[in-house]
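So, here's a batch of structures to check.
Two complexes, one shared chain (chain A), two partners (chain B, chain C).
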Partner chain A sequence: MAVYLIRRVLLSLLTLWVIITLTFVLMHAIPGDPFASEARISPQALENLRRFYGLDQPLPVQYVKYLSNLIRLDLGRSLRSEVRDINQIIADGLPISALLGAEALLLAVLGGMTLGVLAALGHNRLLDHLSIGLAIIGISVPSFILATLLINVFAVQLGLLPVSTWGTWRHTVLPAVALGLAPLAYLARLTRSSMLEELSQDYVKAAIARGLSRPRVIVGHALRNALLPMVTVLGPLSAGILTGSFIIENIFGIPGIGKIFVLSISDRDYPLILSGAVVYSALLLAANFLVDVAYGVIDPRIRVLGGAR
Partner chain B sequence: MKIRVWGMPLIAVLALIALAGTGVFVPAGAAPARQVLRLNLEGEPPTLDPAKIDNRAAGTVSKQLFEGLVRLDKDGNAIPGVAERWQVSGDGKVYTFFLRRNARWSNGDPVTAQDFVYSYIRQLGPKFGAPLVDNLFFLANAEQFNEGKITDPAQVGIRAPDDFTVEIRLHTPAPFFLKLLAFFSVMPVSQKVDQQNPRWMNEAATFVSNGPFRLAQWVHEQRIVLERNPNYWGRDQMKLDAIEFTMVPSRATAYQMLQTGQLDIVTPPPELTGRLLAEKKAQVFPEARTYFIRFNNKVAPFTNANIRKAFSLALNRGAFTRVVLQGGQIPLRGFIPHGLSSGTGEFRKQAGDLYKDNDATRAQEHLQAGLKELGLTALPEITMRASAREDLRKIAQAVQAQWKQALKVQVNIEVMEHRAYVAAVRSKVNYVLGPFSTGADYDDAFNLMGQFVTDDFFNFTNYTNPEYDRLMRAAAVETNAPRRTQLMIQAEKILIQQDMAIAPLYTNTQVVLQNPKLKNVYRYAVAEDSYRDAFFEP
Partner chain C sequence: MSLEQSRDLPQPPAELFRPRVAAPPRLDARPPLSRGREVVRRLRQNRLALVGFWVIVVLTVMAVLGPALVPYAYDEQNLLEANEPPSGRHWFGTDDFGRDVFARTWTGARISLFVGFTAAFLDLVVGVLYGGISGYVGGTTDDVMMRLVDLLFGVPHLLATVLFMVVLGPGLFTIIIAMVATGWLGMARLVRGQVLQLRELEYVQAAHAIGVPFWRMLARHLVPNAMGPILVNVTLTVPAAIFTEAALSYLGLGVPLPLASWGTMTADALVTILTGQTWRLFFPAFFISLTMFAFNAFGDGLRDALDPRLKR
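For the complex of A and B:
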């Protein structure tokens, strides 16, 4: 088990290094630089700025410098902020994005699972059509439209919740719903199809024939097996949702890092682009690792941990 | 088994309830007795150190926090700021400012002449990296000091003969210099504070300023709160107690916040401006920024003045601003935007119209003449590059349609990501034509005209005309204001009427929706808004 863990961690670090290197090469390959704007910033001032941010040095030097800082867990300075370094920007923004993401994820998992199971049980009947109809709406309506609609109804017309910004739990309700609905719909459809598949399996028929109660068969047997594909997608899904959404953060004025990472690309904020890649990949690698562990817990046939020599 | 499957969601629900319980319930509609102005900054300012700021949003915050030697009255004239009076030498090169004795930093220290000397030298330092440092290049030896060619700061044209006198020497007279001293980038910082703690500007607790407001709170990416500076010399003239800036990037959301009473001033989203202006709910203020089509004067067929004229005269700027942009933009018949000064008055009014808008007949004549001069029967395929930024993309699509209609010319559009587009234009070679904008940093036409001088760094158009260069060189050193105005008017005639180096489109505007009870917000075509004298009517 220890060998397996060490191998996994080393492999993850290698993946991270490849991602950083690729991001570094790609971001310097796109034309335009952080100071190229319509503003008439004098050539002298530009030169001073490049020197101030260390962009006047050759790329290999910048690359080595970045990596050596990264090993010391120093993500460097953003061009976006004179007053906070990137560690601070992430420390400020990531908890906010993660909290919102967690709420949305919870909504998506609970809602998606319930809808999916209900749809599968009432296959081709009204309940099925209703829940799948809802799921299709959730997938097809873009989050920015949903967000605007939610603001208009619940904040402007009904005055129940604040329009935007961040502060109390009331501020999180609308963005969490707007963020969670699409994954909810996706998970509902996924649960439905894998649930349908399990319900048609012989072991389910056998269990019912043996006189086990229907709820017990559904929850204890079929659902448990139907969860497996859901756990597979939950890894990447949570990494994505926890690192924030550009659109939702933009519309609701939420001080998360989703917005910051996306804007870093159009701003050519090189250190921040790299940090975005590092944070996102690290989360993704961690989430995938957890998924692998979760497989073993849910389905004893997949003995990842125990099976490794 | 059941417990394990259903247990997870249960824990999550409990967690959600616990989360909800920690929230502080804020009662809505509690009317504040204080006068608090609530504004939207569309993003977090990179810094509030006036010397390091490069954008108008951060500049606006900084402007409320600091006060320069002069400030602007509601009409944009220079009036006493920290300096209560001043003298200008006969040759227009030496300014002597006498500071008021009761000007104080927010920590109670007096604002001294040494603070100004220190601030300007600090900003001019070659390693400091001030983006708008060239606004100080009018000072004698300032540019050389910034380039590192001079290392002794005493040679730069600013000194403090005593604690309350600042003497500034310019290398050439600049009639706009006084107004420039009200610009956010040349505000002073406290020498004592900066030397004791070079990171004073990073937190509200250590932030020291000398303007009408002081920084009370800065929650990054969320909120900036300014409170009236109790040490400001003019505090008794002020009525506002505080300004609260929130940071909501989406204009649609900010508009909803205005409707629910959470904000007092917003810029409405572009899709609503047309209707709001028609219903007289929004107001329009000109901004000294020209939008134009940049022709690459070194790439065929735009090497030919007749072709450039054809493309410019074919445009229907009136219809385009009214129907497509709908933001009250003012069609331009010259290069210098409306509202910008010549030093003797408003330049655009003095220079008049240089061509007729929507002149399809003349455009056709110029096109034929141009084709003949180039020895062509038809134009080659032309590809216009454009930025993906909404305003520039809309312009590209509109002018493409108008050229097709008026000139029967098909121009293809290649949309690029904004910074890549700007990089293409700045390369001076990787574009044929494309929409662009240029805005003034200080209130003088000269500021915008320099970019068409042959060897100017910003001459991305590749325009060259020795007569234009000569007129601009003459205007730069001319001390007689009316003569200087005439030189610039002549230069603009050559640039546009004779050569049509670019196709000007319109003067940009700021569209504003404002709480009707809010009064005395001063807006300027060039400088940042001032809220010093603003107040709410009961």
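For the complex of A and C:
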């Protein structure tokens, strides 16, 4: 297990380094100067700006400097934003995005699993149809269209919730639903099929034959085993929610890192783009790593396999 | 005993004489189907997949013909007829520049389907070559090639695509390149896994023994026999690519204006939930959802048909 963990950490760090390097190279491969679009700027001022941001130095020097700053968790300075310190920008945006992401993830996991289990038990054909209907909506309706629909119905027509921006918990409802519904549908479908498979296993029949109550068998035995595969999809799922926030935060005008990142792209704010990529990748790699570890802890069979590899 | 004599023997009543052995399968009832036909048969029993298939066909036909059915170009402005609701003149209404929404919707279909099919095809080409070489050559080559894939797999897809768009600049082809830059990884893994299984089989060993060159091996022996999972992967790549294009265009990072993409059309029509010209929002939103549904339903059905054990 320890060897496996160390290998995973190293691979994650290596991936992060590759992403940082590739992004750095890509950013500097863009033709033109970041300040080229600034109108009416004297050559002297341009020179000073370039020196201030260290752009006058050769690329390898900039790269080493960037990396060493990064290790000290200093993301550098933004070219355009009013709050020039990127650390500050990220510190402002991250809690907002994290809250939104956590809400969406919670909604997806709790809602998806409940719906999936209920649908698998098959007592209620309506619930089964609902889960299938939701699954179809979840895979077919893109999140930005879902968000638009939600705004139209709940904010504009019914006036129940605020249209956009960020503030009270009521502001978080629509974006969290828009972000979480697709993963919810996916999880519901997965839970349903996984649960159906477990329920047809012999040990379930044996437990019922022994006289255990049905709810106890379903929750205590079948559900426990059926939920195991769920943990593996949590990694890609949180990835989807994370990148989904690019779109959702932009539609709802939420000042999280997703909006900051997209804004930095249209602003051509290269240090901020680079930082966005680094922060997003680090979060994702951390999420994937945690999921892998969690899976090893929950399912001993994986641990053995992981150790043997 | 000859046949002549047996005819004269008294026959026992049939109901008393039931053979204890199961009757041999009646081959005349249903000739054994080839694998391809079997898959098609199972696919046709799956109503959702069938609906998906025909929707794809209709959408493709409309993407080709649609823009030509009305006498307006997708970028033809007519400010006197701005924001008109659907009518006999403008079947899907017009937008705020007086552009015909019908023409724009099907131009958007062209873009979506073109991006989807091209990205899926390029993923296929790169993935099959990379995965095929990695799996077939094996050894250290395989190790190195797959470590590289593992490494790149950690890169968030949408993020990488967005970064490529920043560098390459907006445009139809840059979107495709940006998507293929990360999209081929899944296909490469899949093909490698398939090749690893297949290359141990005797027919591949035999082909190798008589000196079939690598390219021929890949094209004639390995890929055709791994076609099932590859096809499923391709079918499910198309809606993913369509979604990515629409999402990027929605954010203003996709196809440049005035080209009509379903993503840009939706983004432009966002204000209409306040101003009321909802047809401008409805048509692109409806058709992109329909397209995503059709490809996903068909892809899922195809997977079930190819591997009945995976039945949901």
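Here, the second predicted complex is superposed on the first by the 237 of 309 C-alpha atoms of A that agree within 3 Å, B and C clash if a C-alpha of one lies under 4 Å from a C-alpha of the other, contacts with A are read in each partner's own complex, and residues count from 1 in each chain.
By definition in this document, a contact is a pair of C-beta atoms (placed from the backbone, for glycine too) under 8 Å apart; a residue touches a chain by one contact, two chains touch by 3 or more.
A quick note: this is a predicted structure, and the numbers were derived from the prediction, not measured.
**Q** Taking the superposition on A as described, I'd like to know which of chain B and chain C A:Asn152 touches: first, second, both or neither.
**A** So A:Asn152 meets both chain B and chain C here.
**Q** When the two structures are laid over each other on chain A, which of chain B and chain C touches more residues of chain A?
**A** B
**Q** After superposition on the shared chain, which partner residues are touched by A:Ala239: those of chain B (first), chain C (second), both, or neither?
**A** After superposing on A, A:Ala239 lies in contact with chain C but is clear of chain B.
**Q** Given the touch rule stated above, what does A:Asp85 touch, chain B (first), chain C (second), both, or neither?
**A** A:Asp85: touches no partner chain.
**Q** Once the shared chain is lined up, is A:Leu106 touching chain B (first), chain C (second), both, or neither of them?
**A** In the superposition, A:Leu106 touches chain B alone.
**Q** Applying the document's definition of touch, where does A:Asn250 land relative to chain B and chain C: first, second, both, or neither?
**A** A:Asn250 sits against chain B and chain C alike.
**Q** Between chain B and chain C, whom does A:Val262 touch in the aligned arrangement: first, second, both, or neither?
**A** second
**Q** Taking the superposition as given, does A:Ile30 touch the first partner, chain B, the second, chain C, both, or neither?
**A** Once the two structures are laid over each other on A, A:Ile30 reaches both partners.
**Q** What is the shared patch of chain A, the residues that chain B and chain C both contact?
**A** 30, 148, 151-152, 156, 250-251, 266, 268
**Q** In their shared complex, at which residues does chain A touch chain B?
**A** Contact set of chain A toward chain B: 30-33, 35-45, 48-49, 51-53, 79-84, 89, 92-93, 99, 103, 106, 109-110, 113, 148, 151-152, 155-156, 159, 162-170, 216, 219-220, 223-224, 227, 250-253, 255, 259-260, 266-268.
**Q** Mind listing the chain A positions that touch chain C in their complex?
**A** Chain A reaches chain C through residues 11-12, 14-16, 18-19, 23, 26-27, 29-30, 136, 139-145, 148-149, 151-152, 156, 189, 192-193, 196, 239, 242-243, 246-247, 250-251, 261-262, 265-266, 268, 273, 277, 280-281, 284-285, 288.
**Q** Within their complex, state which residues of chain B touch chain A.
**A** By the definition above, chain B touches chain A via 1-2, 5-6, 9, 12-13, 15-16, 19-20, 22-26, 28, 44, 46-49, 52, 54, 126-134, 137, 143, 146-147, 199, 201-203, 219-223, 246-250, 252-254, 256-257, 259-260, 262, 417-424, 426, 436-439, 441, 451, 457-458.
**Q** If you look only at chain C, which of its residues touch chain A in the complex?
**A** Touch residues, chain C against chain A: 150-152, 154-159, 162-164, 166-167, 239, 243, 246-247, 250-253, 263, 266-267, 270, 273-274, 278, 281, 285, 288-290, 292-293, 296-297, 312.
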